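One structure is given below, encoded as structure tokens.
A, B, C, D, E and F are the chain letters, set down in written order, and residue numbers restart from 1 in every chain.
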Amino acid sequence: MPKSKFAKESLTINTEHVLPNDTNHIGNLFGGRLLQWMDITGAISAQRHCRRVCVTATVNNVSFKYPIKNNSIVTLEAKVSRAFNTSMEVFIDVFVEDQVTGVRTKCNEAIYTFVAIDQNGSPLPVPELVPETEEEQKRYDGALRRKQLALILAGRMKPDEAVELKSLFVHE
Amino acid sequence: MPKSKFAKESLTINTEHVLPNDTNHIGNLFGGRLLQWMDITGAISAQRHCRRVCVTATVNNVSFKYPIKNNSIVTLEAKVSRAFNTSMEVFIDVFVEDQVTGVRTKCNEAIYTFVAIDQNGSPLPVPELVPETEEEQKRYDGALRRKQLALILAGRMKPDEAVELKSLFVHE
Amino acid sequence: MPKSKFAKESLTINTEHVLPNDTNHIGNLFGGRLLQWMDITGAISAQRHCRRVCVTATVNNVSFKYPIKNNSIVTLEAKVSRAFNTSMEVFIDVFVEDQVTGVRTKCNEAIYTFVAIDQNGSPLPVPELVPETEEEQKRYDGALRRKQLALILAGRMKPDEAVELKSLFVHE
Amino acid sequence: MPKSKFAKESLTINTEHVLPNDTNHIGNLFGGRLLQWMDITGAISAQRHCRRVCVTATVNNVSFKYPIKNNSIVTLEAKVSRAFNTSMEVFIDVFVEDQVTGVRTKCNEAIYTFVAIDQNGSPLPVPELVPETEEEQKRYDGALRRKQLALILAGRMKPDEAVELKSLFVHE
Amino acid sequence: MPKSKFAKESLTINTEHVLPNDTNHIGNLFGGRLLQWMDITGAISAQRHCRRVCVTATVNNVSFKYPIKNNSIVTLEAKVSRAFNTSMEVFIDVFVEDQVTGVRTKCNEAIYTFVAIDQNGSPLPVPELVPETEEEQKRYDGALRRKQLALILAGRMKPDEAVELKSLFVHE
Amino acid sequence: MPKSKFAKESLTINTEHVLPNDTNHIGNLFGGRLLQWMDITGAISAQRHCRRVCVTATVNNVSFKYPIKNNSIVTLEAKVSRAFNTSMEVFIDVFVEDQVTGVRTKCNEAIYTFVAIDQNGSPLPVPELVPETEEEQKRYDGALRRKQLALILAGRMKPDEAVELKSLFVHE
């Protein structure tokens, strides 16, 4: 197993065509269907990073701001943003493109974490992630803060120990 | 439209049978499939509260702690935990039952928010939620803190304004 | 294995959202899709009664009286009505709810029988069923008559032996 | 609309390949999936008889005697057995074939009734059915008895009026 | 294994109902869905000829000349046209029928080849095909020319060796 | 509408995870499922070139040389290779990647043609395609020969008129 890998090595692209069964009766894509597509694309991205079977560990705050219409072409792009011991944080960016102009609009951004496991379901170590671009660096930096927040919300870390997160609230 | 409704009026139960196509190759349910089932069950629960078309607005932190095996019987129970002006927070509890003993184990708990919309996609007001049981009250109280956290993470609220959340970090 | 169980212990609830692919071109739910949903819900109910793998043995007369429209919320409720040596009769009640008023209308009632089997497909004994409510008692009583009718129709019982059923036709 | 049609004109054949998601965990086809396939094939057969949209009205006693294994080739053959004013009784015969010898075994026989409807869902008259072969004649004759039984079970006919059915029980 | 079989012994009929998810947004059946249906029907036909597991080897030129509308009844008829050592050429004819008149129109004709394989994926010999009708003979004769063309296009045969095909271009 | 576009502007990538229902019982991906995935990916590519609704016109010779196993990650990459008046030829390259080493192997190459249509299904003109890389140029050049071959096979061109194709057989 390599000691570290670049973010771009885990890039996974998925192009989906929104069909009638994917939409509610005012013709917009169901959130649940998009959550599933994001999970599939994100899991493949994590597997490309660590070359192991990966299972979904957590889904961070996902917002559905823009309705996506029936018959839209939706593109999902997933990339590992940071690797911890046995888990990987993955960003999934979702774009919809205008059929006539071809202009791509970002309509969603989700953060999932995945864990690499062996045949018994026990966690396995994964390579480190090396960010290259400015956006990759920014997402890499934010990953630690999000991990602390998740641990606090799960009651497995005390707020005082979450140094980076605490600084949002306490200005000394 | 009634001015308020009880949490139990929105209870929605869904029983799913995990099939081969729902599982990865070590035989565990995909996280993405569960996310979709939770979205469907939660959306019906929100619709039962407000009697309007509801769309998924956000998915809060979801953790997948326990693997669910192929052929499991999975029960999802969704109930509105709090209503704001046009949005509703919904808890979805997920149980798996032992085939032999019938013992039900809670294996997941997710929080989604849904928005009631009209035919043009504009938000509509929803009835207030009145909690009754102890657990309903606890979830009702926590909903405000989660809303503040979501607004901060989305950059639409300043940490200093999130009074309830701030108290986690600052002990005056 | 317990010697007997109550009907309510096998209650199984399933909530389905009717999508375009579930409907014919005047927008009504296909009978075949409902038959499948009823089978899934009924089989889980039978498994909850006997804690064994159950397979569909027979489908009794099912009538489709009320068309169910696209986008409806359909709720299926299944409960074992009587247990014989290795088979269980299950009632599946189907409700559709008005989206605006929330009023639930019963639109269907089906009776399936399931058999508990082992890994080789051989039938296994199941616990007795103890009815509690008036409706449970009425369905329990009718189960024997339905079983006799099925045996006659299959040519495995002589009409003269079907004492309870015969009384419908012969008034002595 | 023709005044009458032959049974063979409504023959509809469907060949299905049993896949993993169609089977329970001892590898047998779910009864509910077969019920759905029978409904689809039967409805097309009814439409071929009357050239109208047809909806499922009732499902008569269906028995699942022989388990059908994963990967089987299943052939469904549906033919109208008798036409009444606005409804048609359809027999659906189900065969499974041995992969090595090619020997076809009949593993199921189901009887559905369908109703022809207009755009508002109102029933429409259908052509009469003219049986030709010995089996077609036998099924044609039995259809009346089955109709009487269904009406009695639904409480819409008195047992004494069901002359043909009564003769099974009363030997004068 | 028999030394030879008739074309009619491999006849496989499949009847499909075009649903919303099978169509694009001007309401026509997707080519890809039809390709899949043709593959399933053709593979069963090949298996009926040789009684072995068959896998798709090639798809010949398929043209989609006539759009097939949502809600159409589509009938696929597949028959082996010629058998080579381990491969079989299969014709799949596709018909759509007018809902009102019942008139069947041929809307497609595809040619696939399948290979019989054992559990390790190695090719197995198959029986010869004996054409009977005039159309079967014509398709049998053309099969050799199509095989030569495929070999040339794949670079595995020199044009000069493709005697039958060459005669199309060279008039001596 | 632009007068011409580059091949790379139509690049469409799709990543699929092979599930149990996609495979036959020796665990290999069905050809029909891959044909459908190639059709979806190719159609989106054609739509990106012309910004119109596109329908499948023809499928050229497709060969399935390498079996793809259950649980494989399959990547499809589609790009327009040449545009004619109203039709576009699209190459779809299919890769499977080794789960452990990540090495990508090309396992398939298919050529589809699509036609741009208006709301009535009438063909619409499309922009020209400008090849840039060596491979794009080679595929662009071959497209004319393939078009001639298709026209001859369909009986709409005389072999003598297919100058480029004829040169394969006649060495003057």
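Keep in mind that, in the parts below, a residue touches a chain if its C-beta (ideal position, glycine included) is under 8 Å from a C-beta of that chain, and two chains touch if they have at least 3 such contacts.
None of these values were measured; they are calculated from a predicted model.
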item: Any chain that touches chain C and chain B; value: A, D
item: Each chain counted as touching chain D and chain E at once; value: C, F
item: Interface composition of copies chain A and chain F: same or different, split at half; value: same
item: Greatest separation from chain E - chain, by CA centre; value: B
item: Between chain D and chain F, centroid-to-centroid distance (C-alpha), Å; value: 44
item: Geometric centre distance via CA averages, chain D-chain C, whole Å; value: 20
item: Touching two or more other chains - residue numbers and ranges from chain C; value: 20-21, 24-25, 40
item: Interchain pairs in contact, sorted by label; value: A-B, A-C, A-E, A-F, B-C, B-D, B-F, C-D, C-E, D-E, D-F, E-F
item: In the complex with chain F, residue positions of chain D that touch it; value: 19-21, 70-71
item: Complex interface listing, chain C residues touching chain B; value: 12-15, 17, 40-41, 44, 47-48, 51, 73, 97, 99-102
item: List of chain B residues in touch with chain A within their complex; value: 24-26, 28, 30-33, 35-40, 43, 53, 55-64, 67, 112, 117, 119, 121, 150, 152-154, 159-160, 165-166, 168-170
item: Chain A to chain C touching residues, read off their complex; value: 20-21, 24-25
